[in-house]
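Have a look at the structure below, then the notes.
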Amino acid sequence: MTGDGETRKRRVDQGLRRVLLVFAWLALLASTSSAALAPPENIKAFDTPNDAGGSNTITWKASPDDSLLLGYSVKRSAKPEGPFEEAGVVLKGQEEYRDGELKDGQKYFYRVDARIIGDSASSAVAGPAVPSAQWFNLGRVNILAFIMLFAGVVLWYIARAKKGAKLFIRRIAGLDAVEEAVGRSTEMGRPLMFIPGLLSIDDVTTLAALTILGRVARKAAEYDTPVLVPCTDPLVMTTAQEIVKQSYSEAGRPDAYREGNISYLTYDQFGYAAGCDGMMLREKPGAVFLQGYFYAESLILAETGHSIGAIQIAGTTAVDQLPFFVTACDYTLIGEEMYAASSYLTREPIMLGTLKGEDLIKLLIVLALTVGVVLETFGKHWIQALFQ
Amino acid sequence: MNWLAKLEKIDRRWIFLGVALVVAAPLLLGLKTSVDITPPVKNTYETIDRLPPGSVVMVSIDYDASTMPENQPMLLAVLRHAFQKNLKIILMGHWPLGLPVGTLGLDQVAREMHKTYGVDYVNLGFRPGTAAVMVNLGTEIRNVFPSDYKGVPLDSLEMVKNVHNYNDIRLLVGIEAGDTYEFWIIYVQARFGLKMAMGTTAVMAPTAYKYLQSGQLVGLIGGLKGAAEYESLVNHPGIGLSGMPAQSAGHLLIILFIILGNIGYFLSRRKKA
Amino acid sequence: MMKREIPLLITFLTGLLMVVQFFVPHRPIGQIGTGVLSWYTIIAGFTLLLGIDSLVGMHLKKLQRKQSGWGYSIMLILGLLLALGLGIFSEIKYGSALAFGSPFMYLYTYMMVPLQATMFSLLAFFIASAAYRAFRARTLEASLLLVAAMIVMLGRVPLGAAIWGKFPILAEWIMTVPNAAATRGILIGVALGGLAMSLRILLGIERTYLS
Amino acid sequence: MNWTLIGIWIGALLTLCIYSFLYKDNPFYKFAEHVYVGISAGYLLAQDYWVQLRPNLFLPLWNDYAQGQVHFGFIPAHWYLFIPGILGLLVFTIFIPKVSWMFRYTLAFTVGVFSGLAITAELSARVLPQIGGTLRPLLELQNGHISPWGTFCNLFLVVGVLATLIYFFFSKEHKGFIGAGAKLGVWYLMVAFGAAFGYTVMARISLLIGRMQFLLGDWLHLMR
């Protein structure tokens, strides 16, 4: 087999980068007799801020020879004089490393080596850095402030709504169609179908979808039209059963509720799509509601729903799937409209209050964006800093 | 005029038939289009081409059945090229469900080119632990894979008797559908200086491109188009090249149907008016 | 009380804890988030049985009543038992259901994979039929949809560039400027809506899920 | 017996069964659909114990007892795993009408956890980065000169974000300035949806090419 020297020679011959490296070496050797590779400079080692402890952060300024390097090797030691052992390796062009799994309260020293094949250049030693844990993540103050602002605004509008202030909400096209869809299904003597998306209760979109289901089921119960809900998640199924049951008893028809109409299919994405498609073709629902979070199966469902002549009302927060619902369905609740729909359908003043609060925040964002972009153009980063 | 107005409401099954035909026809007829060879693919090809016969190339299967249409043609083309040049192949993977797919491709090409298992190629299989596996292979392959995918000890396989770590491997070709390739670069390229080329899905290619620019990858094969380019370089047209006319024809057919639909729509509207 | 107020309290307290742990990195609070996510997999592990009960129950009922299509119900139940049986067998014999050469892997490779891939590939047909039907220049909005789709389609294939060299550049521009702008707007809206929804849930204002 | 060949035949027949659905509903599709739902549910059930419950719940507790890592002689070191264990068992109360409300505790816990997580996640992962990403100087400089085209693009992008946001105003009638903004927002949305649709076509046709290759090549060996 080939020896190490030959290996290196062959590699140098092959890559342009290696050729450059040879030139760099030659140039450096010609000018100075010793030092070939420039080490990284300005090494700093410190306790990683805003963490749970056990880690230090090391930063440096890239070596002037950065483009020739394989990368940097970060070395750690308990004493400034060594011995140093490798803590980790990062790619060239990077100037930061986070060293984890350390002991809190202990001193660590660091050195960073610039590496090429067969050679390396060590930086000065930095430290000591002593890892520790923090009680508050200062890097997230802006998020806390935003939550407080948001909650404050929403709660204020809710309070106002409770006092009886009239709140205007614009009409949302897909919502006005709900009644029409239920009515038409009833006339045709066909059931309704409600597909609550591919995610579980762990996604807020699904909860919004279930709220919409509650309203749809209420209308359906009044018209005495069955609602079919195929589910891909057992928790969603059980919750949907309770919601629909409740809607039927609110409509005064608890006897008309059929638990079997709300069923589990499978967790498999396309298995679920296959099952839903089959159900559509056989039960021929007059209206199909596609509400929730969807992935690629969105268009499979929507095109099949269209082929059986059902009115389709879609709604999702999945940006990637919106184009397909918009093209294939009669009505589509776009992103935030879906959340708005779940509040709108209840018509409770409290719910409308939160919508009003959202709008105020949106207005603030529009203002911040407008002013911020102008400021950025003039080189001022005050507003940008708020969103870092 | 009447039949033109019917264009507004073509039964969708005609559209389905059309799509099936324009995709199947180029495959059946073996239609070949010429593709422009882009530098990232050419570099991959030339890197492999310049390896001396007998060099060991490691191929990593980091995708599974879901992206097979895009990734498999790359694998086949690269394997064909490597076997043509009498290079030795070590196949392995980091995706639990990728192994059957990779094995399928390797066995197919090896049979075609009359290569012998254990002499010309070895299939190591899959071990969990991505980064840890990569780093350990740098010291001794046997630490991670004491035996091949069927449980045959490595030392009893002629080809890998003297292969111990990355020093004995000339090139890594990763066929990728996720972020595993970044692990390869971070843990193996940066640490051991192993040369790498990657074949990625079309969606990932723009992101992977930055590693090509920085010199951390010697080559990049992106999507079905990239596979088609490689196939034309090795002069063995496959699904990549016949996929190209299928892609174009599919797009064209959809555009055609949209235009027909609009013609029908305008005609029927004029009639009503 | 037990049926309504306590669940609302549980929601409020767990939700609050999740918000707090986001801001407190110190042990043990900062670690709760990841810990609780693995708790969820445990809970989901149990709830799956509810789903299977519903699925099997429904088809057994169909069988009992000899409802139309009961033959397919047999297929479904047989498929379920086959996958379950081979899964357990392979797990015990090979240490993992997805081990190479295990009978379960065979089932996966030659049944699950083709079924998944084929259902997925139906989209090639449906994307064509949806485009034909919906992309009509009925209104200004519909025309914008139509034109943007046509340009991007032409920009993606060599044929488009052959017709007019600027198609790929124009397609790229539409994706990086107007598409990116609208996507950002939608995402900000979705996030605010989700935020408000979560807040309503924590405060017990939105409680449909507890009906 | 050539198991691979049999496998390819099974796969090919199932593929055809699913495609037959494109013509109309028929017994072949019904067969494939039911088999698919059954197998995938069974697959999940088999994985449920080994991938979810065993490593996350049973194994840690079992090891605690086996290795004697217990407090007071009986409380295992991973005692907190009993919480999700009990919450998981509570879901079965829905089968007992009298105590079926106990299921709500599990539901309330899950909903609480994920709503809480969503509050901070929506902000840190979505709102702030999307706004921060939009806050860029309008003037695009190229070699020290202002690039009119680059500047126009930046302006076009910012206007689009603002108009789309205005479309999502719910508490104001879409009239006057708001109405104009919302209208512009709709145009942006339509262009975006059309473009995203067109962009996806290629990936979808690739999927079909993959299946065709399986049918015509691997199965029928008709491909040249």
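Labels for the chains are A, B, C and D, by order of writing; each one numbers its residues from 1.
What we mean here is this: a contact is a pair of C-beta atoms (placed from the backbone, for glycine too) under 8 Å apart; a residue touches a chain by one contact, two chains touch by 3 or more.
The shown structure was predicted, so the numbers you read here are calculated from the model rather than taken from an experiment.
**Student:** Using C-alpha centroids, which chain lies at the maximum separation from chain D?
**Tutor:** Relative to chain D, the chain whose C-alpha centre sits farthest away is B.
**Student:** Which two chains have the greatest number of C-beta pairs in contact?
**Tutor:** C-D
**Student:** Would you mind pulling out the distance in Å between where the CA atoms of chain B average out and where those of chain D do?
**Tutor:** 25
**Student:** In whole angstrom, how far does the Cα centroid of chain A sit from the Cα centroid of chain B?
**Tutor:** 29
**Student:** Using CA atom averages as chain centres, what separation in Å is found between chain A and chain D?
**Tutor:** Computed value for the inter-centroid distance: 10 Å.
**Student:** Averaging only over C-alpha atoms, locate the centres of chain C and chain D and give their separation in whole Å.
**Tutor:** The answer is 3 Å.
**Student:** Chain C: which residues touch two or more other chains?
**Tutor:** 19, 22, 40, 44, 47-52, 55, 69, 96, 108-109, 112-113, 115-117, 119-120, 122-125, 127, 129, 131, 133, 135, 145-146, 149-150, 153, 156-157, 183, 186-190, 192, 194-195, 197-199, 201, 209-210
**Student:** Multi-chain contacts only, two chains or more: what residues does chain D have there?
**Tutor:** Where chain D meets two or more other chains at a single residue, that happens at 18, 21-22, 30, 32-34, 36-37, 39-41, 43-44, 91, 94, 106-107, 110-111, 113, 115, 118-120, 123-124, 127, 131, 134, 158, 161-162, 165, 168, 189, 192-194, 196-197, 200-202, 205, 207-208, 210-211.
**Student:** Indicate the residues of chain B shared as contacts by at least two other chains.
**Tutor:** In chain B, residues 12, 16, 19-20, 23, 68, 247, 250-251, 254 touch at least two other chains, as defined above.
**Student:** Specify the contact topology among the chains shown, as one of line, ring, star, complete or other.
**Tutor:** complete
**Student:** List the residues on chain C that touch chain A in their complex, please.
**Tutor:** 19, 22-27, 30-31, 40, 44, 47-52, 54-55, 58, 61, 69, 112, 115-116, 119-120, 122-123, 126-127, 129-131, 133-135, 145, 183, 186-190, 192-201, 205-206, 208-211
**Student:** Okay, in this complex, where on chain A does chain B touch?
**Tutor:** Residues in contact with chain B: 1, 4, 7, 10-11, 14-15, 17, 67, 70-71, 89-93, 117, 307.
**Student:** Would you tell me which residues of chain B are touching chain A in their complex?
**Tutor:** Checking each residue of chain B against chain A gives 12, 47, 50, 52, 162, 167-168, 185-187, 189-191, 193, 195, 214-216, 218.
**Student:** Chain A touches which residues of chain D in the complex?
**Tutor:** 18, 21, 25, 29-30, 32-34, 36-37, 39-41, 43-44, 91, 94, 103, 106-107, 110-111, 113-115, 118-120, 123-124, 127-129, 131-132, 134-139, 158, 161-162, 165-166, 168-174, 189, 192-194, 196-197, 200
**Student:** So in the complex, which bits of chain B are touching chain D?
**Tutor:** Where chain B meets chain D, its residues are 13, 16, 19-20, 23-24, 27-30, 68-70, 72, 202-203, 224, 239, 242-243, 246-247, 250-251, 254.
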